[in-house]
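Each chain carries a letter (A, B, C and D) given by its place in the written order, and its residues are counted from 1.
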Amino acid sequence: MANELLILTTGGTFDKRYPEGQWIKEFAFPEGHESAVEDILHRARVAADSYSRAWIFAEDSTDITDVQRTQIADRCAAAPQSRIVVTHGTDTMTLRIDPKTGQVSDQPNTASVIAARNLDKTIVLTGATQPAVMRDSDTDFNLGLAIGAALIASPGVYIAMNGLVLEWSQSVKDVDGRFRRR
Amino acid sequence: MANELLILTTGGTFDKRYPEGQWIKEFAFPEGHESAVEDILHRARVAADSYSRAWIFAEDSTDITDVQRTQIADRCAAAPQSRIVVTHGTDTMTLRIDPKTGQVSDQPNTASVIAARNLDKTIVLTGATQPAVMRDSDTDFNLGLAIGAALIASPGVYIAMNGLVLEWSQSVKDVDGRFRRR
Amino acid sequence: MANELLILTTGGTFDKRYPEGQWIKEFAFPEGHESAVEDILHRARVAADSYSRAWIFAEDSTDITDVQRTQIADRCAAAPQSRIVVTHGTDTMTLRIDPKTGQVSDQPNTASVIAARNLDKTIVLTGATQPAVMRDSDTDFNLGLAIGAALIASPGVYIAMNGLVLEWSQSVKDVDGRFRRR
Amino acid sequence: MANELLILTTGGTFDKRYPEGQWIKEFAFPEGHESAVEDILHRARVAADSYSRAWIFAEDSTDITDVQRTQIADRCAAAPQSRIVVTHGTDTMTLRIDPKTGQVSDQPNTASVIAARNLDKTIVLTGATQPAVMRDSDTDFNLGLAIGAALIASPGVYIAMNGLVLEWSQSVKDVDGRFRRR
């Protein structure tokens, strides 16, 4: 139950904001903003030195490339910590049901890329249905769930979403946007 | 100080939400959702029959057409109420400073279209810097400001934004997104 | 429509917070905290120099004394501004229906004390059903409503609550906690 | 990682609300309100049948009696679930530093009463620094943290607060209101 935990952020709905200025129509990851992880840990009254944090990049998960997935896995492998939480967009976090076929899609996903490394580490991916800046966001709960699991679970790659903690290969994002056991 | 007030909603940042499901990257005006005006009036403990409300359409104000501006003015003219608040996207609500020239842009704007009708009514336009669904939104204050002005001001077309209530021809949206007196 | 507006704060539900530490059971007005008015104006993207603000005292309105009511009226009289918003607890802001008799209570109230001065100023009192620190608070809307009215209304003493702007002598807090026209 | 989890609620800061009406000065546990746990699980997009929930009583933890502590332990023992989260006021949840002596107080606490039963179950206590109804609350994160731990940890009695998951006998609430390892 050691607290040597690392939180890696990669963007996704979790960290989207609505920019201010002129002729703005869409969410973005505004430059110069810290990750919403900082706001959440502040609200949670978590001491600043409890966990290490690093921002890898800020990307909608539908835009994450294979190179970027490798980059995430590299950071997990290189980290001195053996317990890691990764915030990530939900569409390519793990397996996904393809709405056209109703079957598990064969698209690339980050959990499988990390798992292929066979790291002797506990790695928990989480994300958000609504950005952290929204009144009705699930980010605070999800980050708590992921950290609670990451502090305790045996080595493996897990998904913490919708109140569940699942081994990645047993998890799937369904067509309604909710994660469930396969 | 009669309470015969009508609130017309036309979309804009005020009413944007973040949809849930798969492969979603942007804000939208989800079908089937009431205007955020309803949520705000509920939070404000305003009795349900205090004001009339009507949703004209839901559009980002950079996409509003001349036909739609005419539609808004028509609704103001036809309404039995003489005091009207219009929620509207901020980019074409009133005059705007063009970031390229630093001068007032000659783009169409809704306040001028309503004003051209010379209605003997008090009409106050307001909008939002952050959508009502955000923790840090200005919608609750702005709607209160607009209603406070609309209940009392003499006939005319006004802009209620950034804590100011200005006659429309004296108002301008500046390059930083804030409204100020011209 | 000049912006020479003063906001006076006097505590009330508007400004209550929940202290942190040990053996805490009740709301309070923690020392060292600015008024929630500052947070609301920040959320509303109101420029810092738009209005003057002053904190008179922080008191639950059921505890406000006659001396303190006089103090509020004195500040209104002495202020260089002719447009003033006062945030105040709701139980002794204006007239109140006594739940025991169903009639207007003859308890002291601040609006009547200010009105007795016959100041040639526009003074709007507002307050809150839920503190500003609550998710479901009415403070942002109420402050906007009060400011919108204060910027425009003729001299007099007004109550801005529950979406209404009423001359104080026409207003009453009912047994359910809502303000209505007498 | 089975989802056979029970959430028991016992009041505390977690579930305090601010009542509406007349002559109200303090927080309360309003009758007829569900626990804030329901709101949090809704925000977290947790399926309604994921966990069982039961409200034992609503009490500030400084008022909880020995009889009530026994009642909580009885419910843990009698529950068919072997994984249980208990929401509880923070002052008597576990060990506490007495501000007068700077030493661990010998006051009764609920974690020790549950632990004395030697149940073969995973029981995680959590609470709140700010009520769930506050904008700046830690409840969503804390409940997520407690559930993440409860789904995975070996039998024992744990405290999930301030981003930490600690065996109860190793945890202490310090004089600043924060929990830390003894």
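In this text, contacts are C-beta pairs under 8 Å (C-beta built on N, C-alpha and C of every residue); 3 or more make two chains touch, one makes a residue touch a chain.
Since we're looking at a predicted model, the values are computed, not measured.
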- Hey, what angle do you get rotating subunit A onto subunit C on C-alpha, to the nearest 5 degrees? 180
- Report the chain pair from C-D, B-C or A-B that duplicates the A-D interface, where duplication means over half of the contact pairs agree by residue number. B-C
- Query: Do subunit A and subunit B face each other with the same patch, meaning over half of the contact numbers show up on both, or with different patches?
  - Reply: same
- Chain separated most widely from subunit D, comparing mean CA positions: B
- Message: Just the number, please: Cα centre separation of subunit B and subunit D in whole Å.
- Response: 44
- Message: Taking the mean of the CA coordinates per chain, how far is subunit C from subunit D in Å?
- Response: 36
- Residue ranges of subunit B touching at least 2 other chains are 129, 135-136
- Note on the structure: So, in the complex, the side of subunit D touching subunit C is made of residues 13, 16, 18, 20-27, 60, 62, 91, 96, 99, 129-131, 133-136, 173, 175-177
- Item | Complex contacts: residues of subunit A adjacent to subunit D | 1, 3, 40-41, 43-47, 50-51, 129, 136-138, 140-153, 160, 162-167, 178
